[in-house]
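Here come two complexes built around chain A, the first alongside chain B, the second alongside chain C.
The block that comes next holds the complex of A and B.
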C-alpha cells in the first residue's frame, strides 16, 4: 500500500505511457520494434536534460543553462574526437563528463557565493556557455568515435533471447538506465541525496539542522552538469558531429520535470517521473505525426497535456489526502 | 550556586545591529551545568537574536560566547551542534517533505534514544515512516524536542517550545526538561508563560531593548519584579483594568449570531450572539472546533449545517471577501498568513482599505495616509522598521494585522489567539484597545489560549469542548480555574452559568 501511494504519480505516468503505446498501435498498425528503438534514440538527449533539470529543481533551484551546457560538451567532444583513436576517445568521453560536472559546479558556486537568484545566474550562464560553444566550433562539424556512435543505435542482442523479443529492447534505453542509475541510485541512498531533498523542502530548517546547504547545492548543480554532459555526448553520438547551437532541450526539460511529478520549488519527486514524462511527450509527437497533424498544433497539444496532467494529478492527490485524513 | 565554577555557557556583552535596528546592545548570559535558566523579555527585546547568536545562525558584531570557558565562534549551526549546543527553535526544524526517519538520518540521530524520548513525551506509538509535513504542529514540536534530547545535548536551547502545545503535553515536556538537570545538562528556556518558567527554571535572565537588565533566582512572587524589569516601568499597570459586566449590553439586534453552526466532524450545533459593544471570549483547548468556527465565520469554509446572521440578516459567504463585505474581519493566529511580510507597515494597514476602492480606481493616497497614521498612533506600533513588516517583532506585527481593520472601520473583529507568542507589554496595549474599540460600538469575538486574559478583555465568554458550546460565563466570574475546568468538559453538570 505504501509503495502504491508513494509511487502513485509514476504509476500514473506509466499507465498514460502504456495507453499512448496502444493508441500508437491503433493509429499506425505497423508500429513495432523499430518504432520503439527510434523513440528511445530520439528521447535520449531529452531524458538526460530532464534528469539534469530534475535534480536542480529538487534542491529548490532551476538551471536555464542545461541546453547550452549540452552544446558545449557536444562540440568539445566532437572537436576532440575528430581523428582520435578509439582508446583516446574513451578518455575524451570521461574528460567531457568531468567538464560538464565542472561547468555545473561553477553554476552552483556562482549561485551560492553571489547570492544572485539561481534563475538569473543560470540565465547569464546560458549566454556564456552559448558563446563558449561557438568559440569551440563555429559551425556544425568535428567527428565522433565509432564506438560512441554505436552506443545508442539499434537493439540489444541478448544471447538466448529470440530476436523477435530482443529487437524491442533499444540500446538507447539500456544506456539511459545505466547512466542514470550509476549516478542516481547511490546518490538517493547517500547522505548527500537526503540533504538535497531537505534543502529543497525547507532551506531554513535544513540549515538549522546542520545541513551544509551551500556545499550540497553546489553538488546538485554539479550532478546536473554531469547529466548535461551525458546529454551532450549523446548528441554527438547520434549525429556524428557537434552542433554549437543549443537544441530545444531547456524548455523540454522543464516540461518533463513538471509532468514528471517534481514539484517546482523543490523537495519532492525523483528522476524516474521526468524520464517517463520525456517518453510520453515524445510519443505524443509520434502519434500526432502519424496522424499528419500540423506541427504547430502539436505543440499546442503538448502544452495542453502538461497542464491537464498536472491539474488532474493535483486533484487526485488532494482527494487521496482527504480520504486518508478522514 | 558558587560563581567560581566555570559556566557551561557564557555570553558577555553581545551586540548585533541589523541596518538601523539595534537588536542587541549588551546581552549577557551565564548557564551552569544542571541548571535551567529562563531567558525573558518583551517581544523585540532581542531574545530571538541572542538565540541565533548562540546557535551560530547569526554572527555577533562584538562580544564573546564561551563554552566551558573556551571562546566559541560558531560560524554555522553545525559548529554549535558539534560543541553540544542543541537548539529547539520557535518553528519546527523537521523537513516537511521527508519522513521522520529521514529527518533523524539527516542529523545523525540514533532512533533508539529518540524512540525512548517519544515514549516519555507520550507519543511513543508514532510511526517513523510518517512524512513530517503531514503531522500536526504539536507533534512536530515534540519530535523536535525528542530529537534534541536524543543527541544528549550539553546545552539545550528551547525557544518558545511550549507555545503551540496543548496543556497535557506542556506538562509532559516540563517533566522531561526537569529530568535533564540530573544529567548535568544546562537548559535555556524561553517562554511567555510565567507558570512554566516558575515550574522548571532556577534563574531568569531578563532582556530589555537588547540589553540584559537583570538576573534573578526564581522564587515565589518574583513574577512582578520580572514584569517590572521587562517593562522598564513604562507601562501603566492600571491600563489592564477589569471588564465591565454584561448588564450594560447595548440593546437591539445582535451584530452577529450563529445559529446551530456545524462544520464537518469538529463543530456541532454552535449557537451564540455577539452584540454591539461586546467582546465575547471563546475558550477551548487545542482542536475543539474553534478553528472551524472562525473559518466558517470568516468565509474560509462553508458550514455543513446552520447559518449566520449579521444585524439580523441571514448571510452566506462564498469567499472571505463576502465576510469582509458583511463587516466581519478575521485576524488569524498565524500572523504570517495575514501580512504581506515584505511590504511596508503602511501598505499592510492600507490593504483592505484599497480593496474597497473599485478595482479600476486610483487609490486615494492622502485619505489612506491619514487613516494609516491614525492607526499607527492608536496602536502605538513601533515603526523603527516600518519598511518591511517581516522585520518587526511578533507583537508589532500583530498590531498591524489588527490595525488594518480598525483603520478600515470594521465593525466586527474575529480575533484568533491574537496574543499568542506576544510579549506582555504588547498584550497590555491590546487589551484596552479592544475595550475601547468595543466601547465605540464595535464587536469582538476573541479566542484566546491564555485563560488569564479572558477577564481582562471580555464581557462574556463561551467555552467550547468537543465541538459544542458547553458553558457561558460572565467574564467577571470566569477565573482561570473555572474556565480550565469547563474547557476540559468538567463543568458540564454545574449549570451555574449565566
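The block that comes next holds the complex of A and C.
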C-alpha cells in the first residue's frame, strides 16, 4: 500500500502514457514497433535535459543553461570526432562527459561562492555557454563516429525472444535507462543523495544538521552537467553533426520536471517522473501530427494538457494527503 | 485530463481515420522548422494551394514549428508513421537529417527537399538557385558602383545551406570586381528586427558606405536609412512585396530585387506528385533560376510596377507562383487553404 501511495504520481503518469498509446493506436492503426523506436529516439535528448533539470530542482535550484551546455558538448563532440578513429571516439565521448560535469560544477561553484540566486547565475551562464558553442563551431558541422550514431538506432535483438517482440524494445530506451541508472541509482542510495534532498527541503535545517551544503550543491550541479553532456552526445549521435544554436530543451526540461511531479522549490520528486513526462509530451506531439492538427494549434494543445495534468494531479495529491492526515 | 482526452478522441474519430485511398488520392507530409517568417509562411500557403489545385491530394499533414535538426528528425519519423506517400521538407541542415530521410525512402516514401539541399542521396531537391541568386544581385550592385566602393554584406543564417550557397555566388561576383571593398559582414539570421538593428548600429558609426547587399531582409534596411536620415545608397534585396513597393515609391532609392519565390513549396508538391505518378526527373536536383528586377531602366521599372501587389503581406515574395510548376490562382495562395480545409 505504501508503494502505491509513494509512487502515486508516477503511476498516474504511466496510466496517462498507456491511455495515450491506446489513443495513438486508434488514430493510427498501423502504429507499432518502428513508431515506438522513433518515439524513444525523439525522447532521448529531452529525457537527459529533464534528468539534468530534475536533480537541480530537487536541490532547490534551477538551471537555465542546460540547453546551452548541451550545445557546447554536442559541438565539442562533433568537432573532435570528425576524422577520429572509432577507438579515439570512445575516449572523446568520455572526455565530453567529463567536460559537461566540469561545466555543471562551474555553474554550482559560481552560485555558492557569489551567493547570487541560481536563476541569475545560470541565466548568465546560458549566454556564456552559447557563446562558447559558437566559438567552437560557427555553423552546424563536424561529424560523429559510426558506433555513436548506431547507439540509438533500431531495436535490441534478444537471444531466444522472437523478433516480433524484441522489435518493440528500442535501443534508445535501453541507452537512456542504462545512462540514467548508472548515475542515479547509486546516488539516490548514497549520503550525497540524501543531502541533496535535505538541502532542497530546507537549506537551513540541512546546514544545522551538519550537511555540507555548498559541496553538495556543487555536486548536484555537476551531475546536472553530466546529464546535459549525455544529452549533447545523443544530439550528435542522432544528427551526425553538432549545432551551436541550442535546441528547444530548456523550457521542455522545466515542463517535464513540473509534469513529472518534482516540486519546484526542491526536496521532492525523482527522475522517473520527469522521464515518463518526456514520453507523454513526445507522444502528444506524435498524436497531433497523426491528426494533422493545425500547426499553430498544436503548441496550445500541448500547453493545455500540461496545465490540466498538473492541476488535476495537484488536487488529487492534496486530497490524498488530507485523507491520510485524517 | 479525462475531458481533454475525450475531446482528442472525438477529434480522432472525426478527422483522423484515413478514408479509403484512391489511385490519385495521396497523403502528403510537410516538415518545416522556421515559423513566423513571411517567406516560410508563403511556402506553406503555396504547398496548401498547389495540393488543393492539383486535385490529387486527399490530405496534407503539416509539421510546422520552430525547432532544431533533432526535432525535424522527430517530425519526419512521425510523418513516416502517419503513412504519408510523400514528404516535403525545408531542411534545417543539409547533413543532419540523413538517418530519417533514409528511413522514409526505405518505407517507399518520396522525399523532396525544397528551398535548400540535403546530402541524402535518395532525396529529390527542388531549390531556388541560391548561388545564382546572390551572383546576379551582387554583380548588378558592383556594376552600379562602377566596380569600386565600400559595401555592407548582410548574410542570412549561419550554417544554413542557402546561406553558404549565396556566399559562394556573392564571392564569385566579388572576384570579378576585386576593387569593391566589403567593409562590414553580418548574419541577420533572416530576422527582420535583427537586420534592421544591425543596419541602424552600422549607420550610427558614421563609417561611409556606397552600397548594401542583403540576403532577403530588405524593406527594413531601407527603413533604417530613412529613419536615421542617412543618405540612401544602392540596395539589393529580394522580391518581398514591401521592398518591391519601395523600389518604385521611395525617392532616390536605387536598387534591385532578385526573385526568390517561396512558392517553391508548391513546386515541391508538383514534383512529388509527378514522381508518385511515375514521372521522376532524370536529375535528382532541380534548380529554379532567379531573375533580377532593377529600378534604373524603363524596362526594369515596368517589371517592378507589374509585380507590385498591395494585397500581399509586405514580407511575402511577390513571385507567388513558378511557371511550369505551380497552377493555383492568386486568390488560392492568399486564401491559404489546403484540401479539406
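We take it that the second predicted complex is superposed on the first by the 326 of 326 C-alpha atoms of A that agree within 3 Å, B and C clash if a C-alpha of one lies under 4 Å from a C-alpha of the other, contacts with A are read in each partner's own complex, and residues count from 1 in each chain.
Convention: a contact is a pair of C-beta atoms (placed from the backbone, for glycine too) under 8 Å apart; a residue touches a chain by one contact, two chains touch by 3 or more.
Small disclaimer: the values here were computed from a predicted structure and weren't measured.
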| request: Could you classify chain B and chain C on chain A, in the superposed arrangement, as clash or fit? | output: fit
| request: Give the label of whichever partner, chain B or chain C, reaches more residues of chain A. | output: C
| said: Quick check on the superposed pair: does A:195 touch chain B, chain C, both, or neither? Answer first, second, both or neither. | reply: first
| said: A:255 in the overlay: touching chain B, chain C, both, or neither? Say first, second, both or neither. | reply: neither
| message | Let me test your reading of the model: by the given contact rule, A:209 touches which partner, first (chain B), second (chain C), both or neither? | response | first
| request: Considering only the touch criterion stated at the top, classify A:139 as touching first (chain B), second (chain C), both, or neither. | output: second
| said: So in the superposed three-chain picture, is A:175 touching just chain B, just chain C, both, or none of them (first/second/both/neither)? | reply: neither
| What is the contact status of A:70 with respect to chain B (first) and chain C (second): first, second, both, or neither? | neither
| message | Between chain B and chain C, once the two complexes are placed on the common chain, what is the minimum CA to CA distance in Å? | response | 28
| note | The answer for chain B against chain A in the complex is residues 55, 57, 76-78, 81, 87, 89, 91-98, 102-103, 105-107, 129, 133
| query | Touching chain C in the complex: which residues of chain A? | reply | 16, 19, 23, 26-28, 30-31, 34-35, 38, 41-42, 45, 138-141, 149, 153, 235, 238-241, 243-245, 247-248, 282, 285-287, 289-293, 295-296, 298-299, 304-305, 308-309, 312
| remark: The chain C residues in contact with chain A across the complex are 1, 4-5, 8-9, 11-12, 15-17, 35, 59-71, 73-75, 77-83, 93, 95-99, 158-159, 164
| said: Could you list, by residue number, the parts of chain A that touch chain B in their complex? | reply: 2, 191, 194-195, 197-198, 200-202, 205-212, 267-268
